[in-house]
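Here chain A shows up in two complexes: once beside chain B, once beside chain C.
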Partner chain A sequence: MSLAYEPGTTFVHRLDPRSKLAAQIAFAVTAFAHTTPRGLAVLTGLTLAVLRAARLPAGRALWEIRFLVVLVAVPAAIEGLVLGPPWVSIADLRGPALASYRVVLIVLVSAAYVRTTPIRDSEAAIRWMVPGKPGRLASVGVALVVRFLPVLRADLAAIRRAMAARLGTERPLVDRIRIVAVGGLSRAFGRADRLALAMNARCFSWNPTLPVLRFSRVDIPAFCLAAGLLVWAAL
Partner chain B sequence: MIEVRDLVYRYGDAGDGGNDGGSGGDGDDRDDGDTKDRGIDGESRRDEPHPNRAAAVLRGVTLSIPDGSFLALAGPNGSGKTTLVRQFNGLLEPDSGEVLVNGIEVGEGLIAARSAVAMTFQNPRDAFVASTVGPEVAFGPENLGLDRSEIDQQVERALSAVGMGGREHERLTRLSGGEQARVSVASALAMEPDHLVLDEPFAGLDWPARERLLDRLVTLHEAGTGVIVVSHDLTDLLDPVDRIVVLADGRVAADGPPEEVRDRLPVLGVRDPASSIEP
Partner chain C sequence: MRPATPASGTSGTGGTSGPERAEGSTGPRESTEAIAVSTETSGVDLVGDEVARNLARAALFAALTGAFAYVSFPNPLSPAPITLQVLGVFLAGILLGPAWGGASMALYLLAGAVGVPVFAGGAAGIGVLVGTTAGYLWSYPIAAALIGALVHGGSELRDPGEAGSIRLVGAMVAGVAVIYGLGVLGIALVNDVGLVAAFLAGAAAFVPAEAFKIAAAVGIVRSDRFAAS
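And now, the complex of A and B:
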């Protein structure tokens, strides 16, 4: 599995992307406003509910963002280190750990969004929210990132597999990282070139016909959730 | 109608390896390196002339392809096949000579050229812009700014034409190689082109998938779409095509109906599928 759009008929799939974005933004604002154990506990419950509604198992979602988890956990852990016994200061660790956990929750909710929203719908939603040229740039940028990241990850995995098949795993760690990084970068450029060529062949336009977005009754709970979260954040 | 007159195309500077920049499977996709490409805005990104320019990849190619043709463009690896077809819709810009599509010079009407000459690439996965079949096929018509209802109709027609009707919601990554190739063809067809150019469409396909794709191409041709298949392997193509153009060393080495050209294929570096003689 990779974090890409998966067609489906879940409640979250049926939501208008704009209401999903509104709920997501409200969630992020609330997570920043209530970075406390109690606040994050409530948001954890909400995150699990969102993932469940999107039929995205929490364990799989966490696995998909494992590198990000490590990336945000390491600085927090370093903050908690002290020179000398007991080596870890819980008081120093607490703040950064909560902040890191907050980021993980926000990314998990974003994962549910990516999982349930076609790229073109996201483009249309961003274009609606940010009018003019900035909106066009942002929407195409988001679309390309969403399109490209899973492909790049697959490429990196392929390089690692190819390396392992020829006993590359016996090489020193730094050597392995270098091989994967250089190979990944080279493939990324090659893929970007080929994708650009293919998009040009199909008359790539900054202003294409986008899907028609329509709010419906199913969006009401999402907007209520967004409003509730914002009110809570303001308290 | 595609008309190519006295076309010359060179890769980048000889000093940096010239035309070895490709990453394509058969070595013919040599455009990935130092090339002169052209965006949809028509602005050329041509490199400045360099005294040590590499040898020409296309050396004075002249060709005329009427609408409704079924043409095989053959030739050994590196003969310039891919480079030539990418001039048809302005993906590459010639050093000299001209390419006209329906009487209009390609550089002066890029959108018209790209609508009239749709193209599929050797590795369909590299060209996918969406996660699922429907949005992938809709990408071209959306870029043309058509109405949503018209886009939906074109997507439906294109998918039906390749035997993938009703599969709009399937994930592209879950399709087989043959199905991905057919989606790629549908993506090109959705732009309702006069000519469909397929660059090595059978590469990596097993026999049944190859046969199915070929069947679809024959059907499309019978329905009036011009089909240009770029391939170094003419297996099964001698029957359906009405013309074979063989490129060798950047020049048209043979051009005519299959029955006239096939005797010369081995000499030109192309295997005659019915013969045991290897080139």
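And now, the complex of A and C:
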């Protein structure tokens, strides 16, 4: 999935990350509370509106989450399967199909969040939500994961290329897994220890300065949406 | 902006929080100013060496588990390819111990939730955490902590290379049981299907491959290329 933050000037980009998180959670709660054809029809409209507001074409978003769509569809397909003609039981399929469709909607809405929210803003939101030292560790940890994921992916790819060049691909599966993992681990641990030294050298502290989060007038509709959805979910 | 502030304190280590500084200044860009420069350093509360080291390792391990999601091998037993994510969970528990191993996997979930593409297939977002694979994902911190506790025999860290093979394999089998148990339960709840269909869709094709990962993990822990500390 190449769905990642892209800078933009849409309404959704300008929202405070906390209101976007609230709206997402409210959406998920509502989707679980109203897994009916009518409820899901309303939520489908809402999903399309959110994707449109985030300038994320629905087709592209679906293509980006295609792997998840397959995963979502398989259990429902198995549940609907009947041994013997007519092979498919519509009655058995109905509940799982609705439940699976609701998952696709929830994932699409969170794709809009991923697309419109820089990770730095999410970090500040984590820091706001989780107070004290655990929040500090969590926000720094997420920042490090963001920075090191591409580096470690490149490490693993380099190890696999080196292995293939030495005919390592002919080895038994367990050996191949072990070689890739040992190489990846030793590089990751090496990087982690150098990083810890560098963080200490730069006065890694419990109380840093993060961007100041401010609610603005554009957040009002997002909050109204979250509140409305939660009220509907509770009904 | 920068020139408006006296250049005396440029340490930038951030002693005070944003809003406090913002109140003191008058310009319309007070928030930018508060971020750029801070003149106080007395309030800095440094993180200890041990915590910084463990945090760096936990974060790198979370990133490695995410990177493992992109590494797939053809599976000799079933058409579903083998990815190494679960190996990351095993190793987090074995090498980092129950507390930091669990914390590392919690960081992995948090990073995925805020949009880092670490979940299977490069997915991310809160939606995935309540989706079809939710049960597996939420089980990772639990499984890592359990494996860590079983291998280290409590919260005190020992050299995992000295743990017996039976203990290592037993801990990982318990981890697999937790991951697939919660995973199948998650599918049954989220997709509203029976446990049999959930097992067929979510576990039957994948569980046999876990044997390869367990065997590889034992080899990794015994490997002399890195003495885990």
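We take it that the second predicted complex is superposed on the first by the 156 of 235 C-alpha atoms of A that agree within 3 Å, B and C clash if a C-alpha of one lies under 4 Å from a C-alpha of the other, contacts with A are read in each partner's own complex, and residues count from 1 in each chain.
In this text, a contact is a pair of C-beta atoms (placed from the backbone, for glycine too) under 8 Å apart; a residue touches a chain by one contact, two chains touch by 3 or more.
Every value quoted in this text rests on a predicted model; they were computed, and no experiment measured them.
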Exercise. So, does A:7 touch the first partner chain B, the second partner chain C, both, or neither?
Worked result: first
For this session: Report for A:222: first if it touches chain B alone, second if chain C alone, otherwise both or neither.
Result: neither
Exercise. Given the touch rule stated above, what does A:191 touch, chain B (first), chain C (second), both, or neither?
Worked result: both
Problem set entry | Larger contact residue set on chain A - chain B or chain C | C
For this session: Would you sort A:46 into first (chain B), second (chain C), both or neither based on which partner it touches?
Result: neither
For this session: Would you check which partner chain A:199 touches, where first means chain B only, second means chain C only, and both and neither mean what they say?
Result: both
Problem set entry | chain B and chain C footprints on chain A, overlapping residues | 4-5, 119, 191, 193, 195, 199-200, 203-205, 207-212
Seminar exercise, completed: Within their complex, chain A touches chain B through residues 4-7, 118-120, 143, 147, 190-191, 193-195, 197-205, 207-212
For this session: Could you please specify the touching residues of chain C with respect to chain A in the complex?
Result: 13-19, 22, 31, 34-35, 38, 43-47, 49, 51-53, 55-64, 66-68, 70-71, 73, 76, 82, 84, 87, 91, 95, 103, 107-108, 110-111, 114-118, 120-128, 130-133, 187, 190-194, 197-198, 200-202, 212-213, 215-217, 219-220, 223, 225-226, 228
Seminar exercise, completed: chain C partner, complex, touching residues on chain A are 1-5, 21, 24-25, 28, 32, 35, 65, 67-68, 71-72, 74-76, 78-79, 95-96, 98-100, 103, 106-111, 113-114, 117, 119, 122-123, 125-126, 137-138, 140-142, 144-146, 148-149, 151-153, 155-156, 160, 173-178, 180-182, 184-186, 188-189, 191-193, 195-196, 199-200, 203-212, 214
For this session: Would you mind writing out the residues of chain B in touch with chain A in their complex?
Result: 23, 31-32, 37-40, 89, 91, 111, 114-115, 118-119, 121, 123, 126-132, 135, 138-148, 151, 169-171, 173, 187-188, 191
